[in-house]
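Two complexes come next, and they have one chain in common, subunit A, joined by subunit B in the first and subunit C in the second.
Moving on, here comes the complex of A and B:
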């Protein structure tokens, strides 16, 4: 029997607010001592009350709009109770009943759509590190703002699961709501997979693989689950609904805890936070801050930049924004420089933060177009535009200083050609060419290039030579 | 109230208060007395006065702090074993505001652990005795604060009122006790009981003192998102004409002497030209049931943070994570705390939420509307605080339902968020204070306090 996989994904995105979701301490704990970014509110001292961070609300609106979602004029907070040392309050403040972000959709590069059921604001938990016989608690991450994005079960392949996660990541970094650093857990994915016989009305029993933190592991985990569940079903057994963990090392999922003993979270309206009411004007004002999104760039550059190059470049919003500033006729050549030269550089990450001006890039493309720079020379000048010693001088000056400008002046070129043709060592080649030996033209062009110290445009030289020797 | 000046120093006022506190030590009013800190603070105030500086509207006034208000002075225990040893690094907003005006805390007062109770008998430190009869309860949960004011140890005391915890002990001890409009005074820094019901208020000897304290403590606090915008100082006090009494409560369940006191005050008002209007408020009969669902649910949630991991008491029997939780909470909570945690978790558990919590929330909406309707007919309502005067120590402690019935007339105000002022209304034949409460629409706190003067008599 053939089975159709159905996949739904929940994604936690850490928002890059300055302070935490419910207190005024630093939200950026990178490189800081454990438990150094913790306020009395996060620590859950008696009598402490949460204060909602307005910046988190603004970022949630942007995130929602990035996914074409409705923003709800009224949303509410709820408490989700559980005991664990990573949760000082004994509950997580989340939005269980009335989330801020309503229904929407994400468009995949393939053109398919994954509907978003909703997304809600909530506080992250702290971190436990287990040792032999004891565990350490770090509360720095407590109440870092998160949005949890819940997709509809619209995904049917591991590849699409991968693409959806990657596209979500792009949306979040384009919208500027998250650092998007997957390695540090800025985005985490929980993937629900089920199989049903093709054409069946009902979905099969699902499993949930929790806490995946790379697109590749999402893809591999789904592949693994599809294969595993297929085998279970084909052997006539039933898939057990359960929560699984994934190991990149073994490439396998393993059961974490059974759903039958799943905790009862005893959800309750959060009485310390009044309902969050957003005016239509506020929502419109915030939504207007959304910059060009990957989908917008696909539409804009679809016919200009090759699709594979475009998909590579779309991972870098800085590059796309830069291309957006550049005159369309040069977009193709500059996008190629970005893809094949810049991204190949070891320091490319550093370079992305300080790109050359669009004027410099445009001039480079122009010079290349006018053959003032050979393709090789253009690549070299392009890299020099990132050189702290050279950048800021302007493309032309850099090209000149490096002596890379090609001689295109036909009069001057003709003079050089004449000089070369007058030389005794070229006489034999000239005779051979005239006798029909086409390929010696290369030798002659080389001689002219040498005479011009490499500045001549080889195409033009060849043309002149052919004319003269005709 | 008496404030310090060049002749009567703050140190003198504070030393007097401390001496009285010592004198009444066997009433078990205080969980902590800060003699040294209070005197140091008094000297600072006196120095200010000597320099001719403004020492504040409460300059040198000694006061007692209910032990569920956090501040770095002394341990904040909420009279609960599980908070033993906890000293807060932060200060409650209300405490900050009072002390900025020169008030001096001499000690922390006893309460039912985590404010769970109506008699102060649920305290880890034992019961506080009634100011008028040492064999009777102080009322609760703010029993220590009420008795501290009633015995004239301090000029005022703070309290918190979730279902009557200020008004009932005030009426049991013959002092004024205000439960303000929900959100009038910041809850920041007060150990939470049931967040949607908790109100911060005061015990005083006169309506004037209450007005002064409210003008200082009330107002928006960015640290408490449920506080209302400043309104107290700006509220206009119109001339009241109609006073309501609730017909539904005039039945056998209320002590005859309390009914007598209510009638007496109504007669007084009639004599003064007010119209007494009988109200029927049928929705109020759901108040106690709704309250004993919503309140334990929020209690269970708010008490989740006391887990022995970060501060306060941790059981010595704790060996691993689950025993840290189980043993600490088992040994650290009082039986009444545990009862409410269990009820609360039950009504919130999946499958029961709709039947209990959601239904109670709907009843609450009805009660809000019932009060709105009532206040479209009358200016204020006058009613008993509790069905009886102070009862005997131990009388109800083993009968939780009887204890919960103590709250039958007080909890509807918390559910509706309306203010209530407990006022003294004479004494019973055996000399026990009788109390009534004046109830007004939301944000009428100032008017209520003003109107209370109309009910004052020399007794």
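Moving on, here comes the complex of A and C:
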């Protein structure tokens, strides 16, 4: 029997606010001592009052609009109770009943759509490190603002699961709501997978793989679950609904704690936080701050940049914005330079943090087009535009200093050609060419290039040579 | 609504309480009484009435996103815990 996989994904996104969701404590604990970014509000001493971070509300609106979601004018907070050392409160403050972000959709690069059920604001939990016989708790991460994005079960392949997660990541970094550093857990994915016989009306029993932190892990975990569940079903057994962990090292999922049913969390309205009532004006004003999104760039550059190149470059929002500033006739050649030269460089990430001006890039493309720079020279100058020693000098000056400007002046070129043709070592080649040996023209061009110290335009040189030897 | 022994045991487990046998019965009876008292409200027809989430009529209580130096130190936090190690809170192994 053939089975159709159905996948729904929950994604936690850490927002890049300065302070935590409910306290005025530093939210950026990178490189800081454990438990140094914590206030009594975060660990819930009796009498502490959480106060909502306005910026988290603004970023949630942007994130919602990036996913084409309705923003709910009224939203509230609830307590989700559980007992675990990562939460000294004994509950998580979340938005269970009235989330701030309503329904919307994410468009995949393939054109498919994944609907968003809703997304809500909530606080992150602390971090546990496990040792032999004990665990250590660091509360720095407690109440870092998160939005949890809940998709509809619209995904049917491991590849689409991968693409959806990657597109979400792009949306969040383009919208500027998260640093999007997956390695440090800025985005984490929980993936629900089920199989049903093709054509069946009801979905099969699902499993949930928790806490995936790379697109590749999402793809591999879904592939693994599809294969595992197919085997279970084909042997006539039933898939057990359970929570699983994933190991990149073994490439396998393994059962975790049994799934608690929703009622066990004993949700109740958070009495310490008054509701949010956002005016239409406020929502519109914040929504208007959304910059161009990946989908907008796909529309803008669709006919200009090759699709595979565009999909690579779309990972870099600053780069896309820069390309947006450049005259369309040069976008293709400049985007090719970025794709073929820069991304192959070891330091590309560093370089991308500080891009050359659009004027410098445009001038480079112009010089290349006018054949003042050969393709090789253009690549060389392009890299120098990122060089801390050279950048800011302007493209033309850099090209001149490196002696890379091609000789296009026909008079000057002719003089060089004449010099070469007068040399004894080229006499035999000239005779051979005249006798009909076409390919020796390459040798002669090479001699002229050498004479010009590489500055001559080889196309023009060949033309002059052919005329002179005709 | 009837509160059974299993309900009390389940609730205790969720909160990681250990209860003595006689406490289970006593708490069960207490909770049953509380629920019975609250259940009087069931007599009212509240269909179409917006639930009361809070009574202060406040909304949009938020603060600017600016870091404020905290008075409470890490040492004070760690002093509240049973055990600590390397500036972290030490707990029995959980997975």
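We take it that the second predicted complex is superposed on the first by the 466 of 470 C-alpha atoms of A that agree within 3 Å, B and C clash if a C-alpha of one lies under 4 Å from a C-alpha of the other, contacts with A are read in each partner's own complex, and residues count from 1 in each chain.
We adopt the following convention: a residue touches a chain if its C-beta (ideal position, glycine included) is under 8 Å from a C-beta of that chain, and two chains touch if they have at least 3 such contacts.
On a predicted model such as this, the values are computed, not experimentally measured, just so you know.
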Now for A:411: first (subunit B), second (subunit C), both, or neither, which partner does it touch? neither
Which superposed partner A:35 touches (first subunit B, second subunit C, both, neither): second
Should A:90 be classified as contacting the first partner (subunit B), the second (subunit C), both, or neither? both
Should A:136 be classified as contacting the first partner (subunit B), the second (subunit C), both, or neither? second
Touching A:81, do we find subunit B (first), subunit C (second), both, or neither? both
Based on the superposed arrangement, let me know which partner A:44 touches: subunit B (first), subunit C (second), both, or neither? first
Report for A:271: first if it touches subunit B alone, second if subunit C alone, otherwise both or neither. both
If you count the residues of subunit A that each partner touches, which comes out higher, subunit B or subunit C? C
Given the touch rule stated above, what does A:303 touch, subunit B (first), subunit C (second), both, or neither? neither
Overlap of subunit B and subunit C contacts on subunit A, residues 40, 43, 51-52, 81, 83, 85, 90, 135, 137, 264, 266, 271, 273-274
Please name which positions on subunit A make contact with subunit B in the complex. 40, 43-52, 79, 81, 83, 85, 88-91, 135, 137, 264-268, 271-274
Please name which positions on subunit B make contact with subunit A in the complex. 68-70, 76, 78, 83, 86, 88-90, 92, 187-192, 194-196, 222-226, 297-298, 300-301, 303-305, 307, 309-311, 321, 325, 345, 348-350, 353, 357
In the complex of these two chains, what residues of subunit C are touching subunit A? 14-16, 51, 53-54, 56, 58-68, 70, 72, 74, 77-78, 85-95
Quick one: in the complex, what on subunit A touches subunit C? 17-19, 24-26, 33-36, 38-40, 43, 51-57, 76, 81-85, 90, 128-139, 264, 266, 269, 271, 273-278
